[in-house]
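Both complexes below contain chain A, partnered by chain B and then by chain C.
Right after this comes the complex of A and B.
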């Protein structure tokens, strides 16, 4: 392959994305950075201040806890779903996959309101339970940690199913046959073949939902309580309630840096696998 | 290793441990004797149960998918230590048969006996069969060593026994030194050697190979044929080999089971199938053939079109009944019109309509005067002396080279 022509072709294909990045994404981002360092003063005082603040630290911990738990549960659920999908005949799998992806095509705002209707104090689930047990049941399932996690897991599962399913489908069926003829029991086959060979998909899915969940705003805002504030909500708080834009910018930049630090290895790893 | 009862298996491992210094020759011989003990023990154990003569015995086994028969009720007995090849076009039922023995799917009717044990309803992992796959089916994430060790780990062998056995198996297939490679870093031939090592490492009672050389190029395929044959001789294990390549089958097998449309067309030695094919299908599938149809005339003669009579082997069929015979092209001679013909030979005049020079041999197509189309195969001569299209020739063949077919 001619090196220069391939570079030129790449340039042509990449240019729309590059143009959007340079002229539409970068300016506000740079302005946020500019604001956070107090303009041309390049002062990092605000960073020191933010990092030292108790509210920020508490929110950072909450962000990691909610992201971690929801990603782990999503992974387990997603793996089970992917396993089931992988074992289905192609036609059936396409239909089931459509059902898995359905929530992904629905606005997160709509889903959050739907969960309010379902999980609220007088919501569908509590009403059914009340009727079934003939008592006035009001399980607290929204405006708290549970609600936040349910909302998070709801959008994470479809995203983690896809890469795992791709990995599972890539496993040669003959490998399973070979393993069982060679004397391996189902549990051993599951562990040494299924799990091991789906690891790339698991890792890719896990990292991408983790990075995305770090920046969650809508779910904790609508389904969470005051203790489920995540970093994005903090940014919102400073920019709209307190109108302290430099501080909001600083937190945004920190959140951005954290996300990149998790996303970059994934991107690099994907590239190294492709070559 | 057979799926022996658990106590027996652990005993064997323990015996391996008790060897003083688990190194070098000692370990290798330990592994070998271990295998011999294993199979010998099994033979002794089963002598009393059932007919132990056969390594595998299929009793009226069949496989139907709805009303479609992938395999009609079939009887097949494989002798101990035999190299049996299942040969046939795709869809003939050979892979179905292999799958039934391996336990990939259950039969619709009939039962399967392995060393006298009924294994019809046994899951694959307990059958103690080894299998080599066409597309290798190696674990892509494991090294060569881990791949070969896999069946031993599944059988809970201890670490030193695994190392010794894997080393021996890799030695046998000539892959020592590549233990730490991943399958994708190996060539196709090397990957299949890993597949074979992984199969022989646990000394299964039966080794089945499902078109193992199908993905390799011609030269490598021939070399591997020789190696597999030698392996069979060294191990003395029963081999069941599936291929659609007739030369491979003729070259390697003790017996060939030729299959067609979900049934056995003929079971016999390579010689039987080539020189004494029973049916037209067998004659046409294996090697090339001239098929001649006509009617029995009695007295070792048959009447064919153009009112010619041919000498054929004596035939029990009544005069006037239909008869199909076959002559191999290499048994058909092209002789000059002046040449005298010995008694017992059939002669036809004809015209050469085409020749195919394929290296060592030349195939000559002749349109005979009575409308019969004959093919003769001869050692190649230079172009100047080879028959050419348009030549008027005589073809002759001996009645003893004529084979009577069933239909």
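Right after this comes the complex of A and C.
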């Protein structure tokens, strides 16, 4: 194929996606950056202001604490599930995997509603406890940190199962056989073979759920209390309630920078592993 | 990881592992399971388990314009998003898999960027950007926003499907004199049908369930079902939400089952 016809074909195949990239994907981000530095004045005053504000600092810490705890717990739970799935015969694995995929594809709003019913003061769990102990129990489990974490973990476990499962299934069975022939006890095999060899999947899964959880919005808004607001909620607060667009934009840019600083190593690492 | 070693210790570890895994499955599925019986309860109270069963909540849902209009909006938006992102995504995925061209890495990066940009930033940015053109709170603005977040998934899914195809068929067609476009339509597209259907289902579901962008972009007449549901959850947790949740879950289930069976239908391992 000669040069001109190749360029024409590229234009035909790529132009719809390129138009979307240029006119829909790029402008919002640029617009947010532009608004945050007060346009062409290019002033960083707002950044200094935001970083100095107590509300922002608190929210930043909350964001990291909630994301950190929920990702760690999700990782452990996800590993347990992935291990179980990997040990099943292929057919049963497919069915059980469906049980993991269904929550993954269910709207977070649906899950938040369910947790309101389950964990509420007069909710299912409190009713069961009240009945079991014959007392009026009203454990506060929603609109606080516990509710937020439960919601976050429930949302993240399915996401982390898939990469771990992939790397567990990639482990050659001969390695297990060799380890056991050499006399390794199950616990040792678990640490030196299963855990060590699935580390790539574990790391990839952990980083990707961490990046996603940094931007989470619905779970802290619906299951958390005022002390559980995360950065996304702060952006929403400034843009929709205070109508302070520049400040909302500034916080957005900071959130974006944080997300990218965790997502970029993941992307680079994935690319290097493919080669 | 089959039973190579069979000693009591190993078996005990396994039993513990299975018990733990089962409790995680229960944790994952409990929010889904609990909403269904509630949806078939009566309209007055939000109790679990409901004392009597009826279709009242679904009737309430389909009889109130406050719920039906958002449902119709969501369907309309999801259909438009699916068709447009499938069109752009399929063409781009084909070209990205098969050809090298100037700016390939750049355009891939931009198309994929919504995967790591938190939605709230895109939401705010699109809101500010669209106010400039005064198309805020229109259906168009929501569709454009949804295309942005759905496109990366469509491109990834179609690229995965493309990688399984035999390139020699394409060479053959071109050797016989078919132009690139004709070859694409007659040789590539028919083989891609399973991937196209899964991508379409997934795009529809993502758009239908998408909340944050719609939250920023929708106006009084263009409220989507998730936005309506969020408002309801924030102000009054009414029993109707159980019915809405069940409908949304039914959609997820259909997509999930269809995607899994399509994967099985593909001759390659999938």
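Basically, the second predicted complex is superposed on the first by the 256 of 275 C-alpha atoms of A that agree within 3 Å, B and C clash if a C-alpha of one lies under 4 Å from a C-alpha of the other, contacts with A are read in each partner's own complex, and residues count from 1 in each chain.
Definition applied: a residue touches a chain if its C-beta (ideal position, glycine included) is under 8 Å from a C-beta of that chain, and two chains touch if they have at least 3 such contacts.
The model shown is predicted, which means the values in this text are computed figures rather than measured ones.
Asker: If you stack the two complexes on chain A, which partner ends up touching A:72: first (chain B), second (chain C), both, or neither?
Answerer: Neither chain B nor chain C is touched by A:72.
Asker: Between chain B and chain C, which one contacts more residues of chain A in the superposed model?
Answerer: Result: the larger residue contact count on chain A belongs to C.
Asker: In the superposed arrangement, does A:172 touch chain B (first), chain C (second), both or neither?
Answerer: first
Asker: Name the contact category of A:182: first (chain B only), second (chain C only), both, or neither.
Answerer: first
Asker: Quick check on the superposed pair: does A:157 touch chain B, chain C, both, or neither? Answer first, second, both or neither.
Answerer: In the superposed model, A:157 contacts chain C only, not chain B.
Asker: Who does A:192 touch here: chain B (first), chain C (second), both, or neither?
Answerer: A:192: touches chain B, not chain C.
Asker: Now for A:131: first (chain B), second (chain C), both, or neither, which partner does it touch?
Answerer: A:131: touches no partner chain.
Asker: Show which residues of chain A both chain B and chain C reach, each in its own complex.
Answerer: 177, 180, 185
Asker: Where on chain B is chain A touching in the complex?
Answerer: Going by the criterion above, the answer is residues 3, 102-104, 123-131, 133, 135, 137-141, 150-151, 154-155, 198, 202.
Asker: Which positions of chain A touch chain B when the two form their complex?
Answerer: Going by the criterion above, the answer is residues 172, 174-175, 177-185, 188, 192-193, 196-197.
Asker: Give the list of chain C residues in touch with chain A in this complex.
Answerer: Residue positions touching the partner: 1-2, 4-5, 7, 9-10, 13-14, 17-18, 20-21, 24-25, 27-32, 34-35, 38, 46, 48, 87-89, 91-92, 94-95, 99, 101, 107, 110-111, 113-114, 116-122, 124-129, 132, 144-145, 147-148, 151, 155, 180-181, 184, 205, 209, 211-212, 215-216, 226, 229-230, 233-234, 237, 241-242, 245, 248-249, 252-253, 255-257, 260.
Asker: Applying the document's contact rule, which stretches of chain A touch chain C when the two form their complex?
Answerer: Within the complex, chain A contacts chain C at residues 1, 5-6, 9-10, 12-14, 16-22, 24-32, 35, 77, 80-81, 83-87, 94, 96, 98-103, 105-118, 124, 154, 157-158, 168, 171, 173, 176-177, 180, 185-187, 190, 211, 214-215, 217-218, 221-222, 231-232, 235-236, 239, 245, 248-249, 252-253, 255-256, 259-260, 263, 267.
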